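Worksheet: one structure, shown below.
First chain written, first letter: the chains are A, B, C and D, and each begins at residue 1.
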Amino acid sequence: MVKHVTEIRVRYADTDKMQFVYNGKYLEYFEVGRTELLRGTGLPYAELEAAGYQLPLIEAKVRYRSPGRYDDLLQIEAVVDTLRSAKVRIDYRVIRKETEEVIATGYTEHMFINSETKRPVKPPQMYVDALAPYFE
Amino acid sequence: MVKHVTEIRVRYADTDKMQFVYNGKYLEYFEVGRTELLRGTGLPYAELEAAGYQLPLIEAKVRYRSPGRYDDLLQIEAVVDTLRSAKVRIDYRVIRKETEEVIATGYTEHMFINSETKRPVKPPQMYVDALAPYFE
Amino acid sequence: MVKHVTEIRVRYADTDKMQFVYNGKYLEYFEVGRTELLRGTGLPYAELEAAGYQLPLIEAKVRYRSPGRYDDLLQIEAVVDTLRSAKVRIDYRVIRKETEEVIATGYTEHMFINSETKRPVKPPQMYVDALAPYFE
Amino acid sequence: MVKHVTEIRVRYADTDKMQFVYNGKYLEYFEVGRTELLRGTGLPYAELEAAGYQLPLIEAKVRYRSPGRYDDLLQIEAVVDTLRSAKVRIDYRVIRKETEEVIATGYTEHMFINSETKRPVKPPQMYVDALAPYFE
(Lines give C-alpha, C1' and ligand atoms only; values in the text may rest on other atoms or scores of the structure.)
Protein backbone atom coordinates (compact mmCIF):
# COMPACT_ATOMS: atom_id res chain seq x y z
CA MET A 1 0.00 0.00 0.00
CA VAL A 2 1.21 3.51 -0.80
CA LYS A 3 -0.26 6.34 1.26
CA HIS A 4 0.46 10.03 1.03
CA VAL A 5 -0.92 13.09 2.79
CA THR A 6 -0.79 16.56 1.22
CA GLU A 7 -2.03 19.87 2.57
CA ILE A 8 -4.21 22.29 0.65
CA ARG A 9 -5.55 25.66 1.71
CA VAL A 10 -9.10 26.36 0.48
CA ARG A 11 -9.08 29.36 -1.85
CA TYR A 12 -11.83 31.95 -2.22
CA ALA A 13 -12.07 30.76 -5.81
CA ASP A 14 -13.00 27.28 -4.51
CA THR A 15 -16.06 28.46 -2.62
CA ASP A 16 -19.54 29.15 -3.92
CA LYS A 17 -22.44 31.26 -2.75
CA MET A 18 -23.55 28.49 -0.37
CA GLN A 19 -20.38 29.52 1.57
CA PHE A 20 -18.93 26.02 1.07
CA VAL A 21 -16.34 24.52 -1.22
CA TYR A 22 -17.94 23.91 -4.63
CA ASN A 23 -18.68 20.21 -5.18
CA GLY A 24 -16.56 19.89 -8.33
CA LYS A 25 -13.46 21.22 -6.56
CA TYR A 26 -12.96 18.00 -4.62
CA LEU A 27 -11.93 16.26 -7.83
CA GLU A 28 -9.21 18.89 -8.14
CA TYR A 29 -8.16 18.24 -4.54
CA PHE A 30 -8.04 14.52 -5.35
CA GLU A 31 -5.77 15.39 -8.29
CA VAL A 32 -3.35 17.15 -5.97
CA GLY A 33 -3.47 14.16 -3.63
CA ARG A 34 -2.49 11.61 -6.29
CA THR A 35 0.08 13.93 -7.88
CA GLU A 36 1.90 14.26 -4.58
CA LEU A 37 1.52 10.54 -3.87
CA LEU A 38 3.33 9.81 -7.14
CA ARG A 39 5.98 12.44 -6.46
CA GLY A 40 6.46 10.80 -3.06
CA THR A 41 7.34 7.48 -4.72
CA GLY A 42 10.02 9.25 -6.75
CA LEU A 43 8.00 9.17 -9.97
CA PRO A 44 6.38 12.56 -10.66
CA TYR A 45 3.38 12.30 -12.98
CA ALA A 46 5.16 14.75 -15.31
CA GLU A 47 7.83 12.08 -15.88
CA LEU A 48 5.20 9.52 -16.78
CA GLU A 49 3.86 11.97 -19.35
CA ALA A 50 7.37 12.73 -20.62
CA ALA A 51 7.80 8.99 -21.14
CA GLY A 52 4.68 8.90 -23.33
CA TYR A 53 1.98 7.84 -20.88
CA GLN A 54 -1.15 9.51 -19.59
CA LEU A 55 -3.52 8.40 -16.86
CA PRO A 56 -7.05 9.64 -17.58
CA LEU A 57 -9.96 8.93 -15.27
CA ILE A 58 -12.51 6.27 -16.06
CA GLU A 59 -14.57 6.77 -12.93
CA ALA A 60 -14.75 9.08 -9.93
CA LYS A 61 -16.89 9.16 -6.82
CA VAL A 62 -17.13 11.71 -4.06
CA ARG A 63 -19.04 11.51 -0.80
CA TYR A 64 -19.57 14.93 0.77
CA ARG A 65 -19.67 14.43 4.55
CA SER A 66 -19.26 17.94 5.90
CA PRO A 67 -18.78 21.23 4.08
CA GLY A 68 -15.29 22.56 3.39
CA ARG A 69 -14.98 26.28 4.04
CA TYR A 70 -12.85 29.19 2.91
CA ASP A 71 -9.31 29.17 4.30
CA ASP A 72 -9.66 25.69 5.80
CA LEU A 73 -6.37 23.85 5.84
CA LEU A 74 -7.20 20.44 4.37
CA GLN A 75 -5.26 17.21 4.41
CA ILE A 76 -5.71 15.16 1.28
CA GLU A 77 -4.94 11.53 1.99
CA ALA A 78 -4.40 9.37 -1.10
CA VAL A 79 -3.98 5.60 -1.02
CA VAL A 80 -3.11 3.05 -3.71
CA ASP A 81 -3.60 -0.46 -2.42
CA THR A 82 -3.26 -2.66 -5.49
CA LEU A 83 -0.17 -2.71 -7.62
CA ARG A 84 -0.74 -5.04 -10.54
CA SER A 85 -4.05 -4.43 -12.22
CA ALA A 86 -5.04 -2.92 -15.53
CA LYS A 87 -6.92 -0.16 -13.70
CA VAL A 88 -5.30 2.12 -11.18
CA ARG A 89 -7.57 2.92 -8.25
CA ILE A 90 -6.83 5.64 -5.74
CA ASP A 91 -8.85 6.24 -2.59
CA TYR A 92 -9.02 9.61 -0.91
CA ARG A 93 -9.99 11.18 2.38
CA VAL A 94 -10.17 14.94 2.79
CA ILE A 95 -9.69 15.99 6.40
CA ARG A 96 -10.10 19.43 7.98
CA LYS A 97 -6.79 19.64 9.79
CA GLU A 98 -7.91 21.83 12.66
CA THR A 99 -10.80 19.60 13.73
CA GLU A 100 -9.56 16.28 12.27
CA GLU A 101 -13.02 15.90 10.74
CA VAL A 102 -13.31 13.88 7.53
CA ILE A 103 -15.19 16.20 5.19
CA ALA A 104 -15.10 14.11 2.00
CA THR A 105 -14.11 10.67 0.83
CA GLY A 106 -13.99 9.12 -2.61
CA TYR A 107 -11.97 7.38 -5.23
CA THR A 108 -10.80 7.73 -8.80
CA GLU A 109 -10.15 4.92 -11.26
CA HIS A 110 -7.68 5.43 -14.08
CA MET A 111 -6.32 3.61 -17.07
CA PHE A 112 -2.89 4.20 -18.60
CA ILE A 113 -2.98 5.31 -22.23
CA ASN A 114 -0.29 6.00 -24.79
CA SER A 115 -0.23 9.79 -25.02
CA GLU A 116 0.14 9.77 -28.81
CA THR A 117 -2.41 7.13 -29.81
CA LYS A 118 -4.63 7.76 -26.74
CA ARG A 119 -5.11 3.96 -26.59
CA PRO A 120 -5.04 1.90 -23.37
CA VAL A 121 -1.75 0.29 -22.40
CA LYS A 122 -0.81 -1.73 -19.35
CA PRO A 123 0.78 0.06 -16.40
CA PRO A 124 4.31 0.98 -17.53
CA GLN A 125 7.28 -0.69 -15.90
CA MET A 126 8.54 2.64 -14.49
CA TYR A 127 5.25 2.95 -12.58
CA VAL A 128 5.36 -0.62 -11.27
CA ASP A 129 9.01 -0.21 -10.25
CA ALA A 130 8.30 3.05 -8.40
CA LEU A 131 5.43 1.59 -6.38
CA ALA A 132 6.68 -1.98 -5.86
CA PRO A 133 8.81 -1.20 -2.77
CA TYR A 134 5.63 -0.15 -0.92
CA PHE A 135 3.96 -3.48 -1.58
CA GLU A 136 6.72 -5.73 -0.26
CA MET B 1 -40.08 11.17 -14.22
CA VAL B 2 -38.74 14.61 -15.14
CA LYS B 3 -36.19 14.74 -17.93
CA HIS B 4 -34.45 17.75 -19.39
CA VAL B 5 -31.77 18.24 -22.03
CA THR B 6 -29.49 21.29 -22.09
CA GLU B 7 -26.72 22.19 -24.49
CA ILE B 8 -23.25 23.29 -23.45
CA ARG B 9 -20.31 24.27 -25.60
CA VAL B 10 -16.94 23.09 -24.24
CA ARG B 11 -14.76 26.08 -23.40
CA TYR B 12 -10.98 26.29 -23.74
CA ALA B 13 -10.98 26.83 -19.98
CA ASP B 14 -12.60 23.40 -19.57
CA THR B 15 -9.79 21.52 -21.27
CA ASP B 16 -6.47 20.38 -19.87
CA LYS B 17 -3.10 19.54 -21.35
CA MET B 18 -4.31 16.01 -22.16
CA GLN B 19 -6.42 17.84 -24.81
CA PHE B 20 -9.61 16.58 -23.14
CA VAL B 21 -12.21 18.12 -20.84
CA TYR B 22 -10.81 18.13 -17.28
CA ASN B 23 -12.42 15.45 -15.14
CA GLY B 24 -13.78 17.84 -12.51
CA LYS B 25 -15.64 19.90 -15.12
CA TYR B 26 -18.29 17.23 -15.59
CA LEU B 27 -19.68 18.03 -12.15
CA GLU B 28 -20.12 21.60 -13.38
CA TYR B 29 -21.88 20.31 -16.49
CA PHE B 30 -24.13 18.22 -14.24
CA GLU B 31 -24.92 21.43 -12.31
CA VAL B 32 -26.06 23.12 -15.50
CA GLY B 33 -28.16 20.06 -16.34
CA ARG B 34 -30.06 20.06 -13.04
CA THR B 35 -30.40 23.86 -12.97
CA GLU B 36 -32.11 23.82 -16.35
CA LEU B 37 -34.20 20.79 -15.38
CA LEU B 38 -35.56 22.77 -12.41
CA ARG B 39 -36.11 25.87 -14.52
CA GLY B 40 -38.01 23.66 -16.96
CA THR B 41 -40.46 22.66 -14.22
CA GLY B 42 -41.14 26.34 -13.56
CA LEU B 43 -39.14 26.39 -10.34
CA PRO B 44 -35.70 27.96 -10.87
CA TYR B 45 -33.19 26.91 -8.24
CA ALA B 46 -32.69 30.60 -7.44
CA GLU B 47 -36.31 30.70 -6.23
CA LEU B 48 -35.71 27.74 -3.94
CA GLU B 49 -32.78 29.63 -2.45
CA ALA B 50 -34.83 32.81 -2.17
CA ALA B 51 -37.39 30.79 -0.19
CA GLY B 52 -34.70 29.73 2.27
CA TYR B 53 -33.62 26.33 0.93
CA GLN B 54 -30.36 25.01 -0.44
CA LEU B 55 -29.64 21.67 -2.07
CA PRO B 56 -26.02 20.64 -1.40
CA LEU B 57 -24.55 17.41 -2.73
CA ILE B 58 -24.09 14.41 -0.53
CA GLU B 59 -22.68 12.16 -3.23
CA ALA B 60 -21.56 12.35 -6.85
CA LYS B 61 -20.34 9.79 -9.33
CA VAL B 62 -19.01 10.22 -12.84
CA ARG B 63 -18.15 7.54 -15.39
CA TYR B 64 -15.89 8.87 -18.14
CA ARG B 65 -16.69 6.90 -21.29
CA SER B 66 -15.06 8.93 -24.02
CA PRO B 67 -13.15 12.22 -23.85
CA GLY B 68 -14.93 15.53 -24.32
CA ARG B 69 -12.98 17.94 -26.49
CA TYR B 70 -12.67 21.68 -27.02
CA ASP B 71 -15.63 23.27 -28.79
CA ASP B 72 -17.72 20.08 -28.65
CA LEU B 73 -21.41 20.84 -28.41
CA LEU B 74 -22.64 18.66 -25.55
CA GLN B 75 -26.14 17.65 -24.54
CA ILE B 76 -26.56 17.32 -20.80
CA GLU B 77 -29.48 15.06 -20.05
CA ALA B 78 -30.75 15.22 -16.46
CA VAL B 79 -33.41 12.92 -15.02
CA VAL B 80 -35.23 12.87 -11.68
CA ASP B 81 -37.21 9.66 -11.30
CA THR B 82 -38.34 9.67 -7.69
CA LEU B 83 -40.44 12.42 -6.22
CA ARG B 84 -40.98 11.72 -2.56
CA SER B 85 -37.79 10.81 -0.79
CA ALA B 86 -35.59 12.60 1.68
CA LYS B 87 -32.73 12.53 -0.81
CA VAL B 88 -32.99 14.01 -4.28
CA ARG B 89 -31.16 11.92 -6.87
CA ILE B 90 -30.45 13.16 -10.37
CA ASP B 91 -29.01 11.00 -13.15
CA TYR B 92 -27.05 12.47 -16.03
CA ARG B 93 -25.85 11.55 -19.48
CA VAL B 94 -23.47 13.81 -21.39
CA ILE B 95 -23.75 13.29 -25.14
CA ARG B 96 -21.56 14.69 -27.92
CA LYS B 97 -24.28 16.11 -30.13
CA GLU B 98 -22.50 15.70 -33.46
CA THR B 99 -21.79 11.99 -33.03
CA GLU B 100 -24.56 11.12 -30.54
CA GLU B 101 -21.88 9.41 -28.48
CA VAL B 102 -22.41 9.19 -24.71
CA ILE B 103 -19.17 10.58 -23.29
CA ALA B 104 -20.04 10.55 -19.59
CA THR B 105 -22.74 9.34 -17.25
CA GLY B 106 -23.25 9.82 -13.55
CA TYR B 107 -25.48 10.96 -10.77
CA THR B 108 -25.63 13.40 -7.90
CA GLU B 109 -27.48 12.94 -4.63
CA HIS B 110 -28.64 15.96 -2.69
CA MET B 111 -30.35 16.85 0.53
CA PHE B 112 -32.42 19.95 1.15
CA ILE B 113 -31.12 22.15 3.93
CA ASN B 114 -32.39 25.32 5.54
CA SER B 115 -30.08 28.01 4.15
CA GLU B 116 -29.79 29.81 7.49
CA THR B 117 -29.30 26.90 9.87
CA LYS B 118 -27.65 24.69 7.22
CA ARG B 119 -29.62 21.78 8.73
CA PRO B 120 -31.45 19.09 6.71
CA VAL B 121 -35.12 19.61 6.01
CA LYS B 122 -37.55 17.56 3.98
CA PRO B 123 -38.14 18.52 0.34
CA PRO B 124 -40.13 21.77 0.43
CA GLN B 125 -43.72 21.80 -0.80
CA MET B 126 -42.87 24.20 -3.65
CA TYR B 127 -40.43 21.61 -4.97
CA VAL B 128 -42.90 18.73 -4.67
CA ASP B 129 -45.62 20.81 -6.31
CA ALA B 130 -43.37 21.79 -9.22
CA LEU B 131 -42.34 18.22 -9.99
CA ALA B 132 -45.56 16.37 -9.16
CA PRO B 133 -47.21 16.90 -12.57
CA TYR B 134 -44.39 14.90 -14.17
CA PHE B 135 -45.05 11.91 -11.93
CA GLU B 136 -48.76 11.53 -12.59
CA MET C 1 -15.22 46.57 -36.82
CA VAL C 2 -16.53 43.14 -35.87
CA LYS C 3 -18.94 42.97 -32.96
CA HIS C 4 -20.65 39.94 -31.51
CA VAL C 5 -22.96 39.40 -28.53
CA THR C 6 -23.24 36.04 -26.76
CA GLU C 7 -25.37 35.05 -23.79
CA ILE C 8 -24.08 33.22 -20.74
CA ARG C 9 -25.96 32.08 -17.66
CA VAL C 10 -23.99 32.46 -14.42
CA ARG C 11 -23.40 29.04 -12.85
CA TYR C 12 -23.27 28.25 -9.15
CA ALA C 13 -19.68 27.15 -9.83
CA ASP C 14 -18.90 30.70 -10.96
CA THR C 15 -19.89 32.31 -7.66
CA ASP C 16 -17.88 32.63 -4.49
CA LYS C 17 -18.75 33.09 -0.84
CA MET C 18 -19.09 36.86 -1.35
CA GLN C 19 -22.27 35.85 -3.29
CA PHE C 20 -20.83 37.36 -6.47
CA VAL C 21 -19.19 35.97 -9.59
CA TYR C 22 -15.54 35.17 -8.80
CA ASN C 23 -13.20 37.77 -10.31
CA GLY C 24 -11.21 35.28 -12.40
CA LYS C 25 -14.37 33.99 -14.11
CA TYR C 26 -14.72 37.11 -16.23
CA LEU C 27 -11.68 36.06 -18.25
CA GLU C 28 -13.55 32.85 -19.02
CA TYR C 29 -16.60 34.87 -20.05
CA PHE C 30 -14.34 36.96 -22.30
CA GLU C 31 -13.11 33.68 -23.85
CA VAL C 32 -16.67 32.70 -24.72
CA GLY C 33 -17.23 36.16 -26.18
CA ARG C 34 -14.26 36.01 -28.55
CA THR C 35 -14.89 32.36 -29.46
CA GLU C 36 -18.40 33.19 -30.60
CA LEU C 37 -17.21 36.35 -32.34
CA LEU C 38 -14.83 34.23 -34.41
CA ARG C 39 -17.51 31.59 -35.08
CA GLY C 40 -19.76 34.44 -36.23
CA THR C 41 -17.23 35.45 -38.91
CA GLY C 42 -17.30 31.90 -40.23
CA LEU C 43 -13.90 31.01 -38.79
CA PRO C 44 -14.24 28.96 -35.58
CA TYR C 45 -11.15 29.16 -33.38
CA ALA C 46 -10.94 25.35 -33.58
CA GLU C 47 -10.25 25.72 -37.33
CA LEU C 48 -7.44 28.16 -36.65
CA GLU C 49 -5.92 25.60 -34.31
CA ALA C 50 -6.46 22.80 -36.83
CA ALA C 51 -4.53 24.93 -39.34
CA GLY C 52 -1.57 25.13 -36.93
CA TYR C 53 -2.16 28.44 -35.17
CA GLN C 54 -2.85 29.38 -31.57
CA LEU C 55 -3.77 32.74 -30.11
CA PRO C 56 -2.47 33.02 -26.54
CA LEU C 57 -3.02 36.11 -24.40
CA ILE C 58 -0.29 38.62 -23.86
CA GLU C 59 -2.34 40.96 -21.70
CA ALA C 60 -5.77 41.13 -20.07
CA LYS C 61 -7.60 43.78 -18.11
CA VAL C 62 -10.93 43.65 -16.32
CA ARG C 63 -12.84 46.47 -14.69
CA TYR C 64 -15.45 45.22 -12.24
CA ARG C 65 -18.31 47.73 -12.24
CA SER C 66 -21.11 45.89 -10.51
CA PRO C 67 -21.24 42.33 -9.15
CA GLY C 68 -22.50 39.48 -11.32
CA ARG C 69 -24.77 37.11 -9.43
CA TYR C 70 -25.90 33.50 -9.59
CA ASP C 71 -28.30 32.74 -12.44
CA ASP C 72 -27.88 36.17 -14.04
CA LEU C 73 -28.27 36.03 -17.79
CA LEU C 74 -25.26 37.94 -19.12
CA GLN C 75 -24.57 39.37 -22.54
CA ILE C 76 -20.91 39.22 -23.50
CA GLU C 77 -20.18 41.82 -26.13
CA ALA C 78 -16.87 41.35 -27.97
CA VAL C 79 -15.42 43.83 -30.44
CA VAL C 80 -12.39 43.71 -32.74
CA ASP C 81 -11.73 47.12 -34.25
CA THR C 82 -8.34 46.77 -35.93
CA LEU C 83 -7.67 44.24 -38.63
CA ARG C 84 -4.04 44.47 -39.61
CA SER C 85 -1.73 44.55 -36.66
CA ALA C 86 0.67 42.06 -35.15
CA LYS C 87 -1.37 42.01 -31.95
CA VAL C 88 -5.05 41.12 -31.88
CA ARG C 89 -6.99 43.21 -29.39
CA ILE C 90 -10.53 42.40 -28.33
CA ASP C 91 -12.68 44.67 -26.16
CA TYR C 92 -15.49 43.33 -24.02
CA ARG C 93 -18.54 44.52 -22.16
CA VAL C 94 -20.48 42.20 -19.86
CA ILE C 95 -24.08 43.30 -19.47
CA ARG C 96 -26.75 41.96 -17.10
CA LYS C 97 -29.52 41.38 -19.61
CA GLU C 98 -32.46 41.96 -17.29
CA THR C 99 -31.32 45.39 -16.12
CA GLU C 100 -29.09 46.35 -19.10
CA GLU C 101 -26.43 47.25 -16.55
CA VAL C 102 -22.79 47.00 -17.62
CA ILE C 103 -21.21 44.89 -14.89
CA ALA C 104 -17.71 44.51 -16.32
CA THR C 105 -15.57 45.80 -19.14
CA GLY C 106 -12.10 44.89 -20.30
CA TYR C 107 -9.88 43.74 -23.08
CA THR C 108 -7.52 40.97 -24.05
CA GLU C 109 -4.48 41.25 -26.30
CA HIS C 110 -3.26 38.22 -28.19
CA MET C 111 -0.48 37.19 -30.51
CA PHE C 112 -0.70 34.42 -33.09
CA ILE C 113 1.82 31.64 -32.58
CA ASN C 114 2.67 28.52 -34.55
CA SER C 115 1.16 25.71 -32.47
CA GLU C 116 4.15 23.42 -32.97
CA THR C 117 7.04 25.82 -32.42
CA LYS C 118 5.04 28.09 -30.07
CA ARG C 119 6.77 31.03 -31.80
CA PRO C 120 5.02 34.27 -32.86
CA VAL C 121 3.75 34.50 -36.42
CA LYS C 122 1.80 37.23 -38.18
CA PRO C 123 -2.00 36.93 -38.32
CA PRO C 124 -2.73 34.09 -40.77
CA GLN C 125 -4.40 34.86 -44.08
CA MET C 126 -7.48 32.79 -43.17
CA TYR C 127 -8.01 35.10 -40.18
CA VAL C 128 -7.54 38.28 -42.21
CA ASP C 129 -9.88 36.96 -44.92
CA ALA C 130 -12.58 36.06 -42.42
CA LEU C 131 -12.58 39.47 -40.75
CA ALA C 132 -11.88 41.71 -43.76
CA PRO C 133 -15.53 41.98 -44.91
CA TYR C 134 -16.38 43.68 -41.60
CA PHE C 135 -13.77 46.36 -42.15
CA GLU C 136 -14.83 47.48 -45.61
CA MET D 1 5.87 48.39 1.75
CA VAL D 2 4.63 44.89 2.52
CA LYS D 3 5.97 42.08 0.35
CA HIS D 4 5.21 38.41 0.54
CA VAL D 5 6.23 35.39 -1.54
CA THR D 6 4.11 32.23 -1.69
CA GLU D 7 4.71 29.02 -3.60
CA ILE D 8 2.11 27.32 -5.79
CA ARG D 9 2.41 24.12 -7.76
CA VAL D 10 0.61 24.25 -11.14
CA ARG D 11 -2.19 21.67 -11.20
CA TYR D 12 -3.34 19.67 -14.21
CA ALA D 13 -6.68 21.41 -13.71
CA ASP D 14 -4.93 24.75 -14.29
CA THR D 15 -3.70 23.86 -17.77
CA ASP D 16 -5.55 23.97 -21.06
CA LYS D 17 -5.13 22.25 -24.39
CA MET D 18 -2.47 24.78 -25.44
CA GLN D 19 -0.34 22.95 -22.79
CA PHE D 20 -0.04 26.17 -20.79
CA VAL D 21 -1.69 27.54 -17.66
CA TYR D 22 -5.12 28.92 -18.60
CA ASN D 23 -5.12 32.71 -18.69
CA GLY D 24 -7.87 33.13 -16.08
CA LYS D 25 -5.96 31.04 -13.53
CA TYR D 26 -3.45 33.81 -12.87
CA LEU D 27 -6.13 35.81 -11.09
CA GLU D 28 -6.54 32.82 -8.78
CA TYR D 29 -2.78 32.73 -8.23
CA PHE D 30 -2.91 36.45 -7.42
CA GLU D 31 -5.63 35.66 -4.86
CA VAL D 32 -3.34 33.17 -3.14
CA GLY D 33 -0.56 35.75 -3.18
CA ARG D 34 -2.59 38.46 -1.45
CA THR D 35 -4.20 36.00 0.98
CA GLU D 36 -0.80 34.87 2.19
CA LEU D 37 0.48 38.46 2.26
CA LEU D 38 -2.35 39.35 4.65
CA ARG D 39 -1.79 36.23 6.73
CA GLY D 40 1.86 37.23 6.92
CA THR D 41 0.94 40.55 8.54
CA GLY D 42 -1.00 38.67 11.20
CA LEU D 43 -4.39 39.58 9.76
CA PRO D 44 -5.86 36.65 7.79
CA TYR D 45 -8.47 37.76 5.26
CA ALA D 46 -10.93 35.42 6.98
CA GLU D 47 -10.68 37.64 10.09
CA LEU D 48 -11.47 40.74 8.04
CA GLU D 49 -14.57 38.98 6.77
CA ALA D 50 -15.49 37.80 10.27
CA ALA D 51 -15.31 41.47 11.34
CA GLY D 52 -17.84 42.40 8.66
CA TYR D 53 -15.61 43.54 5.79
CA GLN D 54 -15.06 42.26 2.28
CA LEU D 55 -12.50 43.35 -0.28
CA PRO D 56 -13.89 42.85 -3.81
CA LEU D 57 -11.89 43.70 -6.91
CA ILE D 58 -12.54 46.84 -8.86
CA GLU D 59 -9.84 46.25 -11.45
CA ALA D 60 -7.33 43.59 -12.47
CA LYS D 61 -4.59 43.42 -15.04
CA VAL D 62 -2.36 40.56 -16.09
CA ARG D 63 0.61 40.61 -18.44
CA TYR D 64 1.49 37.15 -19.70
CA ARG D 65 5.24 37.08 -20.32
CA SER D 66 6.02 33.40 -20.68
CA PRO D 67 3.75 30.37 -20.38
CA GLY D 68 3.32 28.59 -17.07
CA ARG D 69 3.32 24.80 -17.43
CA TYR D 70 2.00 21.77 -15.61
CA ASP D 71 3.82 20.98 -12.36
CA ASP D 72 5.84 24.19 -12.44
CA LEU D 73 6.62 25.42 -8.96
CA LEU D 74 5.68 29.10 -9.02
CA GLN D 75 6.54 31.91 -6.65
CA ILE D 76 3.76 34.44 -6.28
CA GLU D 77 5.18 37.73 -5.12
CA ALA D 78 2.62 40.21 -3.77
CA VAL D 79 3.39 43.79 -2.81
CA VAL D 80 1.31 46.53 -1.16
CA ASP D 81 3.11 49.85 -1.32
CA THR D 82 0.54 52.38 -0.19
CA LEU D 83 -1.14 52.21 3.18
CA ARG D 84 -3.64 55.02 3.44
CA SER D 85 -5.82 55.24 0.39
CA ALA D 86 -9.45 54.41 -0.30
CA LYS D 87 -8.40 51.79 -2.82
CA VAL D 88 -6.10 48.93 -1.98
CA ARG D 89 -3.68 48.11 -4.79
CA ILE D 90 -1.60 44.95 -4.86
CA ASP D 91 1.12 44.25 -7.42
CA TYR D 92 2.16 40.74 -8.36
CA ARG D 93 4.97 38.90 -10.06
CA VAL D 94 4.69 35.19 -10.86
CA ILE D 95 8.10 33.56 -11.11
CA ARG D 96 8.99 30.05 -12.28
CA LYS D 97 11.17 29.00 -9.36
CA GLU D 98 13.44 26.62 -11.23
CA THR D 99 14.48 29.14 -13.88
CA GLU D 100 13.79 32.38 -11.96
CA GLU D 101 11.91 33.57 -15.02
CA VAL D 102 9.08 36.07 -14.51
CA ILE D 103 6.15 34.48 -16.31
CA ALA D 104 3.42 36.97 -15.41
CA THR D 105 2.99 40.33 -13.75
CA GLY D 106 -0.08 42.32 -12.87
CA TYR D 107 -2.08 44.06 -10.23
CA THR D 108 -5.47 44.06 -8.56
CA GLU D 109 -7.31 47.04 -7.13
CA HIS D 110 -9.82 46.55 -4.36
CA MET D 111 -12.25 48.50 -2.28
CA PHE D 112 -13.40 47.59 1.21
CA ILE D 113 -17.14 47.05 1.54
CA ASN D 114 -19.41 46.29 4.46
CA SER D 115 -20.27 42.63 3.99
CA GLU D 116 -23.92 43.15 4.96
CA THR D 117 -24.77 46.30 3.02
CA LYS D 118 -22.19 45.61 0.27
CA ARG D 119 -21.45 49.36 0.33
CA PRO D 120 -17.95 50.90 0.22
CA VAL D 121 -16.29 51.74 3.50
CA LYS D 122 -12.84 53.12 4.26
CA PRO D 123 -10.06 50.65 5.08
CA PRO D 124 -10.85 49.31 8.56
CA GLN D 125 -8.60 50.16 11.46
CA MET D 126 -7.61 46.51 11.97
CA TYR D 127 -6.24 46.51 8.42
CA VAL D 128 -4.33 49.77 8.85
CA ASP D 129 -2.94 48.58 12.17
CA ALA D 130 -1.76 45.28 10.71
CA LEU D 131 0.08 46.88 7.81
CA ALA D 132 1.35 50.05 9.48
CA PRO D 133 4.52 48.47 10.94
CA TYR D 134 5.73 47.73 7.41
CA PHE D 135 5.43 51.36 6.39
CA GLU D 136 7.45 52.87 9.19
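We adopt the following convention: a residue touches a chain if its C-beta (ideal position, glycine included) is under 8 Å from a C-beta of that chain, and two chains touch if they have at least 3 such contacts.
Since the structure is predicted, the reported quantities are computational estimates derived from the model, not experimental observations.
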item	value
Labels of chains that are neighbours to subunit C and to subunit D	A, B
Selected interface, B-D versus B-C, where C-beta contact pairs are more numerous	B-C
Chain centre separation in whole Å, for subunit B relative to subunit A (CA means)	24
Approximate Å spacing (C-alpha centroids) for the pair subunit B, subunit D	33
Between subunit B and subunit C, centroid-to-centroid distance (C-alpha), Å	27
Residue numbers of subunit D (touch at least two other chains)	12-13, 18, 24, 28, 31, 70
Residues of subunit D defined as touching subunit B within the complex	12-13, 15-19, 22, 24, 70
Footprint of subunit B on subunit C - complex, ascending	9, 11-13, 28, 31-32, 35, 44-46, 49, 70-71
Contact footprint of subunit D on subunit C as seen in their complex	18, 20, 23-28, 31, 54, 56-64, 67, 108, 115, 118
